[in-house]
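Letters A, B, C, D and E name the chains as they come in the text, with residue numbers starting at 1 for each one.
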Amino acid sequence: ACGSDSGAGGGTGSASGGGGDVQNAKVAFLMPDLASTRYELQDKPLFEAKMKQLCPSCEVIYQNADSDAAKQQQQANSALAQGVKAIVIDPVDSAAAATIVKSAQAQQVPVIAYDRPIPATPADYYISFDNEKIGSMIAQSLVDHLKAEKAEGGILQVNGSPTDAAAGLIKKGIHSAVDPSGFKLLAEYDTPDWQPEKAQTWVSGQITQFKDQIVGVVAANDGTGGGAIAAFKAAGVKVPPVTGNDAEVAAAQRIIAGDQYNTISKPIKIVAEASANVAYEFMQGKKPAGKTQLYNTPSELFVPTVVTKENIKEVLFDSGIMKAADVCTGEYAKGCAELGIQ
Amino acid sequence: MATDRQDERLQSREGLRGALTDVLDRARGGDLGVIPVVVGLIVIWSVFQILNPIFLSSANLVNLTLESAAVGVIALGIVCVLLVGQIDLSVGSVSGLSGAVLAVLFVGQGLPVWLAIAASVLMGAVIGWIYGQLFNRFGVPSFVITLAGLLAFLGLQLYVLGTKGSINLPFDSGLVNFAQLDFVPAWLSYTFAVIAAVWLFASGYLHAQARRKAGLSARSVSALAVRSVALLVVLAFVVWYLGQTRGVGWMFVFFVALVLIMHYLLSRTKWGRAVYAVGGNVEAARRAGINVRAVYTSVFVLCSTFAAVGGILAAARLAAANQSSGAGDVNLNAIAAAVIGGTSLFGGRGTAFGALLGIIVIQSISSGLTLLNLDSSIRFVVTGAVLLLAVIVDSVSRRSRTSHGRA
Amino acid sequence: MATDRQDERLQSREGLRGALTDVLDRARGGDLGVIPVVVGLIVIWSVFQILNPIFLSSANLVNLTLESAAVGVIALGIVCVLLVGQIDLSVGSVSGLSGAVLAVLFVGQGLPVWLAIAASVLMGAVIGWIYGQLFNRFGVPSFVITLAGLLAFLGLQLYVLGTKGSINLPFDSGLVNFAQLDFVPAWLSYTFAVIAAVWLFASGYLHAQARRKAGLSARSVSALAVRSVALLVVLAFVVWYLGQTRGVGWMFVFFVALVLIMHYLLSRTKWGRAVYAVGGNVEAARRAGINVRAVYTSVFVLCSTFAAVGGILAAARLAAANQSSGAGDVNLNAIAAAVIGGTSLFGGRGTAFGALLGIIVIQSISSGLTLLNLDSSIRFVVTGAVLLLAVIVDSVSRRSRTSHGRA
Amino acid sequence: MSVLSLRGIGKTFGAVAALTDIDLDVDAGQVVAVVGDNGAGKSTLVKILSGVHPPDGGTITFEGREVEIPTPAAAHKLGIATVFQDLALCENLNVIQNLFLGQEIRPLRLNDVAMETRSWELLRQLSAKIPSVRVPVAALSGGQRQTVAIARSLLGDPKIIILDEPTAALGVAQTAEVLNLVERLRENGLGVIMISHNMADVKAVADTVAVLRLGRNNGVFDVDSVSTEDIVAAITGATDNVVSRRARRGQS
Amino acid sequence: MSVLSLRGIGKTFGAVAALTDIDLDVDAGQVVAVVGDNGAGKSTLVKILSGVHPPDGGTITFEGREVEIPTPAAAHKLGIATVFQDLALCENLNVIQNLFLGQEIRPLRLNDVAMETRSWELLRQLSAKIPSVRVPVAALSGGQRQTVAIARSLLGDPKIIILDEPTAALGVAQTAEVLNLVERLRENGLGVIMISHNMADVKAVADTVAVLRLGRNNGVFDVDSVSTEDIVAAITGATDNVVSRRARRGQS
């Protein structure tokens, strides 16, 4: 374990305390959790790449708060102690992040709210697609599909972690689509820690309870969706349409195999690069104006795309977000071939 | 009179009736073994059945058995470490890591499944061995070692899953089938039940014979027969009832087999004795010439190995390995199962069967609440309350044990 | 010769040199008190400082002190329960609930802040009292009681926060200021340092006088003077260095004050003796006429109360109470801080200062790694490794203690 | 009139009847030796008197009133001080802390100096060979621990002192001191119950000898009018026993 | 030639020098009594011989070879069996499990019947009054436990048996049996080191008496040519001591 120590040190490139000009400036990129893989796998590298391109000598300080608002506060403070010129933050808790904005602004460091807004204390900029919208989009897509199929019965709803603010937003969004849909909401569940195993256990129980009444499952992310699918498989019954969110590779595979109905692909590349641009402008001392105004903050919003079997090829593969080589392995090769994904 | 029955202060206990008095007497003295846990379980089951009649349906109980297996196996390892008075906080991470390694080797690298399993299990064993070395060499409290392990192996799990984050195991692979769809055929289940009962009788009978020959008191044949028939009836009923829907899952059989093996190892081998001795009084064990370090190492190795096996089962059941596998309450559930099953956190007291009973209590609570569709806030509260209730039954008996001088 | 120095097997130890030999001798015997933890801390600090020169900057250390306070207070409570050989797994939930209650009463209901604080703290005390009753009445293991509490109070926290999920505390309230912006003026800090040093000398001197009068051996005046001057220098340096940026936060002073009070209670009162006795041998304590149940209850009450206070501090520092307050690793960090600070999980050994040192170790690791911009996977691994390293230093000394017959 | 008298005390552990129908009387200023074979139930009797175990049946009369002794604290309050066979010391506490456990001087600001002074006094009086009173009891030898336990029972102001094999681990000098101490206690009008396997000690200090055998009373003797052989016979239940055989062999 | 001989053994605990420069010799078929005041270092010596503590200095010669005894397992292997003063039993295990701890019959499928039979044999031989061997040791009386510890040392095939106050908690009959046992062991050619505070027992079975005082050798006596008074004087370091004063008072 000690070996990794030196490797870790190398990554930092221990720069001197406060770089004065934009040349050697630092920028903090603070992400909220590990429950979704996107922050580490997409947002961070994309933001870093764009930043490198804009300002080769600048340093990005990346931190992940692992769903802990207090830890995020600590990370922000430590970034400030390191003399960052701007903070890009995806808050764990939109309300609690107000403190971070306050103390950053008190030290003349601009804060860019990323992905989730900070309503209580206006940040300097807000770039996002919003989670509530995501929830309503995946649910609506499922409902539309069920209506088209003339399905009769009810829907299960698998929410995210009860202690996660983002999950709360998704949940709200899902309700906004499911409640007026005409399909009965059989039961819903807040999955502790977003754990797929928990979702599987719960769905298994509902299968014994409602048997074939279940015509669809709205799951708040791909992991819990996968758990729901495994529950149906394990019960030896037909898998109804199940939603997801995050467009993980595993979810893409399930969609290709026909196990999962949809997921949602967020234009993370666009968002990450946009935020890098904005951050760079702030670091240069400019004050970029937003496309719109939300929560008293200059804002820019982007729209995600729901991915189903119909459009998976163009959304995920033709656009280059995923490579066929990663997804079309083993048993999924056949499905890929059918959809024309190479 | 039998050699061990000569003290005149002993009340005499002969035959079937003697065996019964004995049990009653032990109960009065608070030495009830697993009975209180079973009573607690019955209470929970009745309550949930009243609240939702699906709870005790065959289908739900089949789910219950399958869902118990993974964490149950982990709890079995926890029982071992608790028996020597140590703890392992990292079983969750190790199980998650093991699932991840399995998925990467099997799906990612395309290795044969048995090789991937072997590698995961071996990794678990190596982790345990490292714990043992750190513990023996430096005397770092196992709480801290395994807390460090919890963090380190969680990190490793994320690292191994790498860019994918989540890896599907193919639904048609044998491993996933084993965890999801493979059930023991009815005839074989009944055969198992009969074998178990016959074996219980035969071994009991031979043992009693040997004791009589040596001039010691022994269980009467009738008592033995009653016991075996009771077992047969219970097992046959379970098999029949579960057979109403899908039957007994192989994964559950695997778990029960592990419990039986561990029970044998703990109660019938020199190693098992050493484990209890170290947990009871490590200095006395050392002075008796027991290689205390080897015992600690073996126990840590077992625990991590079981954690790895549990991780494989969990991944197989989910048909996926992902970043949050093994996170959350796997640790607490595994430790709680062991404790509820009567294993002492201070070492020296507990059984392998405790893990089985404990995990069934925990899964019953979780499954019962699943069927009730409560708000998550209420669900947490109720889970806590039910857990407490289940254990109070057990503890009231222990209170009487203390008042009878068996602290 | 002094009454307590007459045995001819004792080497003689007089004056300053005697005190020094004594320390060296205790070190050889493995009885080092907190020294190894301090050494571990120095190692960690040096490494992080080399890796990132900002680590030991005044600004970062100020952050460190403020971030230590909330979990540190919780760890202080944990030390108490560990001392009697029990555990409290629910401190995280209780702290989260307390923060939520505070926020709802203060912001939601508009009560005065002191009333909201009082209500939260009282709620903590009541929770502890309930734990104590359950433990004493039914003898349920505290692990299970507090596991049930963990779940139940997490549920209650979610319930209290209701649909909002997160409540901001106003930034201009005294409470938030106290946690974020209130620093002790420089002159007052120095005054504190001087008072501490003088008090250390005076109390030591009076004690030595009393001992001499009673014919017992006592520390020489020079040894006492050296000790106080050392303390003065250290404190003054700390104050000066932190004063380079924002200074010493009142919240940290509050935490240190609690540590000092607990140290007094544990080491200088009858109640403290009873706590150690119960942890060392509960049956012996009972036979000595100690009201063991009252001790357990008091300790659970203290622990939950401290958890509630810690929750209030955490909410104040974050200026918000939300669903995930107290979740995550608050429990583990608090327990780990106590254990790293030398508190035994088996009871009877540990000090209040251990909580202070332990939490500083943990926060240093966390803060140091925050400065190192690592992938989360690597960060977890490194956290585990550093934690282990820090404790190995301590444990190596304990190993020598065992080999010297003081297990 | 007796300070303490027991009638019909019984105690069962699981299948073992440890005590059946025990009677015993102790007067003020009287030393009662309780003797018996291993496992005869002597310590169980002591534990009942000191509130450690509740009896299954029977009555305890203390100073004329019938009392219950549900907890050790209740026994302390009545004025019954006990030295247990297993000593019941806290190994993690040092000698002073153990001595004053539960009866510290100045509860809210412990008076260490006074306690240390008093500790040395007590230990000196028992000729204890303890190099330092500031070491944890875990670091003491068996005899040193026993001395600590005995010293502890002398603190406070007991009316009855129960000594369960107080000299088992003591050296010759310490044993002699304890016997002296027992005599002093008797002179001060305390009731003493002393359990011992050493007939010489019993004959030296006891006034009456109560014999327990397999959990039952097996006779109460006046010490001056009974020979060691008779006591041994009552203990073992036979006049021809291993002790007498050894004695005969030793003589021949 | 002596089976076991120690030269210059020393051991320090913190500031206390528990043993300084100890010499001791034990022959086959010889019973060496080690006596001394409380805290004289007897048990420390025993622990060094049985591998519990490493000595700080000095040499141990066993059967002519200089040996190190770093662990109790090493002592067992050499053939040194020990009954510790604190007994070192596992309270959670029952009597049989304790007796056979570390030397179980049939390691992979324990032979309970054989072990139970042998346990009853051993206990009977020591006249133990134990109602059942299937109860945890925690439920035994002090003397019953000591009997278990003694019985344990007789398992296996030791060359030297070390008994640290083996009769402290035993009843009169059990004490006599243990003394008989020691004599049988001597006849079988084993070396026996017996620690005791009971001069009568020492005089009865020992061949030589080694006195320790405050951690140092204070004379080795042949048991036939030394009086009890002389031994006591060597132990306490004075001819006029509390023991002799009590004895005089008893006579007068």
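The definition used in the following text is that a contact is a pair of C-beta atoms (placed from the backbone, for glycine too) under 8 Å apart; a residue touches a chain by one contact, two chains touch by 3 or more.
Values in this document were obtained by computation on a predicted structure and should not be read as measured data.
> Moving step by step between touching chains, how few steps can get you from chain A to chain D?
Contact-graph shortest path, chain A to chain D, evaluates to 2.
> Provide the labels of all chains in contact with chain B and in contact with chain E.
C, D
> So which chain is the furthest away from chain E, centre to centre on CA atoms?
Chain A.
> Just curious, how far off is chain D from chain B if you go by their C-alpha centres, in Å?
Whole-Å distance between the two chain centres: 46.
> Just curious, how far off is chain E from chain A if you go by their C-alpha centres, in Å?
72
> Once you find the CA centre of chain A and the CA centre of chain C, what distance in Å lies between them?
That pair's centroid distance is 38 Å.
> Two or more other chains touching the same residue: where does that happen in chain E?
Only 13-16, 129-132, 139, 214 qualify.
> Enumerate the residues of chain C that touch no fewer than two other chains.
Where chain C meets two or more other chains at a single residue, that happens at 7, 9-10, 154, 158, 283, 375-378, 381-382, 384-385, 388, 405-407.
> What are the residues of chain A that contact at least two other chains?
Residue numbers touching two or more other chains: 1, 34, 40, 162.
> Of all possible chain pairs, which ones touch?
A-B, A-C, B-C, B-D, B-E, C-D, C-E, D-E
> Using the touch definition from the top, list the residues of chain E that touch chain C in their complex.
13-18, 53-54, 214-215
> Show which residues of chain B lie in contact with chain A when the two form their complex.
Result: residues 52, 54, 57, 59-60, 63, 66-67, 107, 110, 152, 158, 163-168, 170-172, 179-181, 246, 314, 317-320, 322-325, 327-329, 366-367, 370-371, 373, 376-377 of chain B touch chain A.
> Considering only the defined contacts, which chain E positions touch chain B in the complex?
For chain E paired with chain B, touching residues are 50, 52, 71-73, 75-76, 82, 84, 88-93, 97, 100-104, 107-110, 112-114, 116-117, 120, 129-134, 136, 138-139, 152.
> Can you name the residues of chain B that touch chain E in the complex?
3-4, 7, 9-10, 207, 210-211, 214-216, 268-271, 273-274, 276-277, 279-281, 283-291, 348-349, 405-407
> Given the complex with chain E, which residues does chain D contribute to the contact?
On the chain D side, the touching residues are 13-16, 36-40, 42-44, 85-86, 127-132, 135, 139-144, 146-147, 165, 168-177, 179-180, 197-200, 204, 214, 232, 235-236, 241-243, 245-246, 250.
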